[in-house]
Amino acid sequence: MLGASGYAGRELCALILDHPELVLAFATANEQRGARARIGRHTIEFSATESARLGDAALVFSALPHGTSKEWIARARDAGARAVDLSADLRPGNGCEGIPYGLTELSREQVRNAPLVSNPGCYPTSILTALAPLFARDLVADDCPIVIDAASGVTGAGNSPKRELLFAEVADDYRAYGFSDGTGNVHRHLREMRAVAESLGCAADLVFTPHLLPVARGILATMTVTLRAPIQGETLTPWRATYAGERFIELVDEPPTLRDVVHRNVVRIAAMPLAGTRRPTLLVLSAIDNLVKGAAGQALQNANLMLGLEEAAGLPS
Amino acid sequence: MLGASGYAGRELCALILDHPELVLAFATANEQRGARARIGRHTIEFSATESARLGDAALVFSALPHGTSKEWIARARDAGARAVDLSADLRPGNGCEGIPYGLTELSREQVRNAPLVSNPGCYPTSILTALAPLFARDLVADDCPIVIDAASGVTGAGNSPKRELLFAEVADDYRAYGFSDGTGNVHRHLREMRAVAESLGCAADLVFTPHLLPVARGILATMTVTLRAPIQGETLTPWRATYAGERFIELVDEPPTLRDVVHRNVVRIAAMPLAGTRRPTLLVLSAIDNLVKGAAGQALQNANLMLGLEEAAGLPS
Amino acid sequence: MLGASGYAGRELCALILDHPELVLAFATANEQRGARARIGRHTIEFSATESARLGDAALVFSALPHGTSKEWIARARDAGARAVDLSADLRPGNGCEGIPYGLTELSREQVRNAPLVSNPGCYPTSILTALAPLFARDLVADDCPIVIDAASGVTGAGNSPKRELLFAEVADDYRAYGFSDGTGNVHRHLREMRAVAESLGCAADLVFTPHLLPVARGILATMTVTLRAPIQGETLTPWRATYAGERFIELVDEPPTLRDVVHRNVVRIAAMPLAGTRRPTLLVLSAIDNLVKGAAGQALQNANLMLGLEEAAGLPS
Amino acid sequence: MLGASGYAGRELCALILDHPELVLAFATANEQRGARARIGRHTIEFSATESARLGDAALVFSALPHGTSKEWIARARDAGARAVDLSADLRPGNGCEGIPYGLTELSREQVRNAPLVSNPGCYPTSILTALAPLFARDLVADDCPIVIDAASGVTGAGNSPKRELLFAEVADDYRAYGFSDGTGNVHRHLREMRAVAESLGCAADLVFTPHLLPVARGILATMTVTLRAPIQGETLTPWRATYAGERFIELVDEPPTLRDVVHRNVVRIAAMPLAGTRRPTLLVLSAIDNLVKGAAGQALQNANLMLGLEEAAGLPS
């Protein structure tokens, strides 16, 4: 595990430590090297990234910062290890196509036995998993944007000490942030989502506004979609078709909430038609734990497939 | 003050008690009649609604429950009092047109010296104030919906003891609620907003998804609007034109947050074009305190106008 | 399970549903009978208490309200079932001595194979477990009070819808409550603690002030104890002696926090001498999850012993 | 205003900006010099501390860091300005006796017209104001400690970006911190309290355990005091005698809560005898806003007296 001191890194260490088949070979954290961290019942010691014996690991996870991770993934591969990159470095839309993108339920066959997988961002996991069944059936009108408003707990912003993430700044507040602006500066996750959505057949524009919630964990995405035509029969039909038998996808009739999903490796999805509009309009809601299905859990799910293990091994559902 | 024990009622009592010109004649709360409540430095005693001497008041505020308020407003009018109704009973879209609708900055002349005003809902105040300049200039494309996702603190749901509003249920959670569904059951505030938006010249569909935040106060509305054409010049130009000189409207370049507006009688608005879409798309954000500009503050602002007082008297800015 | 709809009841149902040896025979909740509740991955249906087939169960848990529980425990016993009472009805200090009191680590032999156990309150679990080693070694001066200030998350107050437990009332606040007053009205948990402390050899007065925290779960107890003489050697020595080998007792050098213990069946304890006082004074801190070690977890720990199962079966550590 | 960018500094700038008689001459913040900050309706620009024209100000407030403040206070005095030091540098118990200590209600005559005042810490303000009436009447037994457990919102820890103050670390948690330990390292506020308590006639030991609350503002202190003899008559009699006519001291029968005092320059105090103890034991509770009466508000209250202004000018009650 490279980059083990952040929230996603710790979550992944915890999952590995309780995994029935895996052993944690090393956990690096340059700034905290030598420090001990309690992770659940376990205590680990962080080592320097440089000292990691990459070749000793069957599989290397990297949760290093964006920009840094790429190089270490290359070193791990050179040392003969498989690798899962939790950073944005190798994701679609960031100039690095062709590497299997581990939105597991949608790309299981590419992930299985792959030597290297790029793990999706937390927002994209929540949003693309929820929208993919509409793309697959070409249900989306292409002349109106798909409007995505999403809200995330603060662990999504990492644990670097920044003033705007202090308790006294975040509590009792709620804000939009990091949205694309007129200068062409588009949120990293939006680039990722647009690239993947296009590859899944989406011809509509995606617009995306993330918000910061005064909670530690969880993402709720609220998606408004103009349809070509109303969905016939039960609204969830496209999702039931795409995700039949998937244990980590939960299709529900009630709006999903953060509480339903925290500490679990699931995406929970609801969909309902909106009333009183001239064109058929659908509300799609999806919730995940940003640190589990949105990061460490999905990374482990992918690793299980890459190593030929039981896909659900060590994952909290 | 009729219906003084809820969050909006108490907020309004507090404002009246500190008002330089007004005196609180009575504060009714049937279920708590006889009880004393501390409101800031003051202590008031709740009386029964039946015992209110409506004719003794120059102006009667009602924050009685929806459905009940209408009758008491009629009684107050019969007794010769002017009245401001904070309930939904007399608002547009609820079958009761023709009564001045107190979105103050947009209907100041109808409110001034009116005998009766219907005070807007909290969501409509936040949303319609923010969208009106686009309607006034006919900037909105009419073939895509205006997508409104909004999040409110829990005081917006009142202070009746309901299990789903308990601390242990709301904390650490976030959820969509009360949205319109396929059966034609549309949120009360959406009916109100559609009726008013149409009267303001909006031809596009409005869709609206409210969410419940784990905070006590504040509303943030996130609105995505497809435009007929990009706004020329500075994006805020339409708002600067509509709201020139308005002391309770704040136009800002940074995304507004709850912290900026709580305990203040303001609407804070930002607007910015979104990048990477084929059609010009605008993000509009607005924030209010749901109990102040979204209820008690605006009610007092309207009352000041009705009584010929200084519009800002007794209002926290 | 009798009284399954409260927070402790649900927590216990969840533990039973995931227990390797136990099966949930019924879950009663009179007011919600017929309703379905999602508990983790499981869905259960509440039945009426009257309809519970008590004789079918090997062991009956009751989390019925104080005052009501006693009668149902008697019925369960008459029907031949063992029973664990989570209410206060059968606890020491409440007029009902002689029944094994399930502070497990201190009364394991009385609990093992007992037909009936009274499960301790949450505050007493946290506090008595932490103080017992001092009593056992007669270290406490008897002319000064043991001062216990404790703070609990709101699930300790149950999930009945009361106005003072609404999110908007509890958030951003902190208060002392339910303390004994001059009229002789002493908190139920204090009576329980005084009775048990005396039985453990304590001759000092206990004073106790509980506080309500704006968090969902967890208790932290802060205890200040005047000692007969300073503890020789390492401060934690008395605790290490009393709790050697106990897997659910964690003795630590750093002050324990709620985060360390939530969702776990442990008591975490620290002790440190205070500086600058003329008499030797000790600070003892202990933290538990009020719903786990403070209620459902300890109830299951006791049940495991009563049934001759592995003591830790089904318990999250 | 020197050191204007912290929470107390900003609070004091806001009070000065709204003060009827004072003008904010400068607001320094070395690390943020040149930056603009919105404070309520106002926008200020931080300047470098070195550039402050100390001689232009009638009175200089310093909220510079402990250790740094002392030197700048000396420079301000040399330049002919009066000064209020909000840091710990000049407080009793920190090696710097003889300077008027601005616990206003207890030292009004020393503060009035003084050229220099040391402003008390937030905990000492809450605690000493509540205990002083007991010291004044010699009611406290001297052979048992006065046990003080107090809990503070996180703004008490300042706004430097530290990992342990991040939202995701503080939310849902509660912890004791900074307590005196066996090595003789005593909390700075405890040294201050012991020195002042002794000067007020207290012969008992003070022990003090502060805790960190997951709220932004407010302190609640819970004090358990062994008395020489029960208080005759109404328990609050000593307080009513000491604080007759004080507008910023509120004596109440119900336990005070944070909500009662935030954003207000008051100390709210309750006292009640505890039942079931052999020696007379009193519980004293006091609540303040740590940034107002615990810092900026009391600093301004002192400044008003120093300058011969109305004591309450510009203070929120």
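Note that the chains are named A, B, C and D in the order they appear, and that numbering of residues resets to 1 at the start of each chain.
As a convention for this text, a contact is a pair of C-beta atoms (placed from the backbone, for glycine too) under 8 Å apart; a residue touches a chain by one contact, two chains touch by 3 or more.
All values derive from a computational prediction rather than experimental measurement.
Set against the C-alpha centre of subunit D, every other chain centre is closer than that of A. Centre-to-centre separation of subunit C and subunit D, using mean CA positions: 37 Å.
Separating the CA-averaged centres of subunit B and subunit C is a span of 46 Å. Distance between subunit A and subunit C, defined via averaged C-alpha coordinates, is recorded as 38 Å.
Shown for subunit A are the residues in touch with two or more other chains, namely 171-172, 214-216. If you sketch which chains touch which, every chain touches every other chain without exception.
Interface residues of subunit D facing subunit B in the complex, by the touch rule stated above, are 38, 41, 171-172, 317.
Put simply, subunit B touches subunit C in their complex at residues 7, 153-155, 159, 161-163, 165-172, 214-216. Subunit D makes touch with subunit C in their complex at residues 143-145, 147, 149, 151, 171-177, 179-186, 190, 194, 205, 207, 209, 211, 213-218, 220, 222, 224, 226, 235, 255-259, 262, 272-279, 281, 283, 285.
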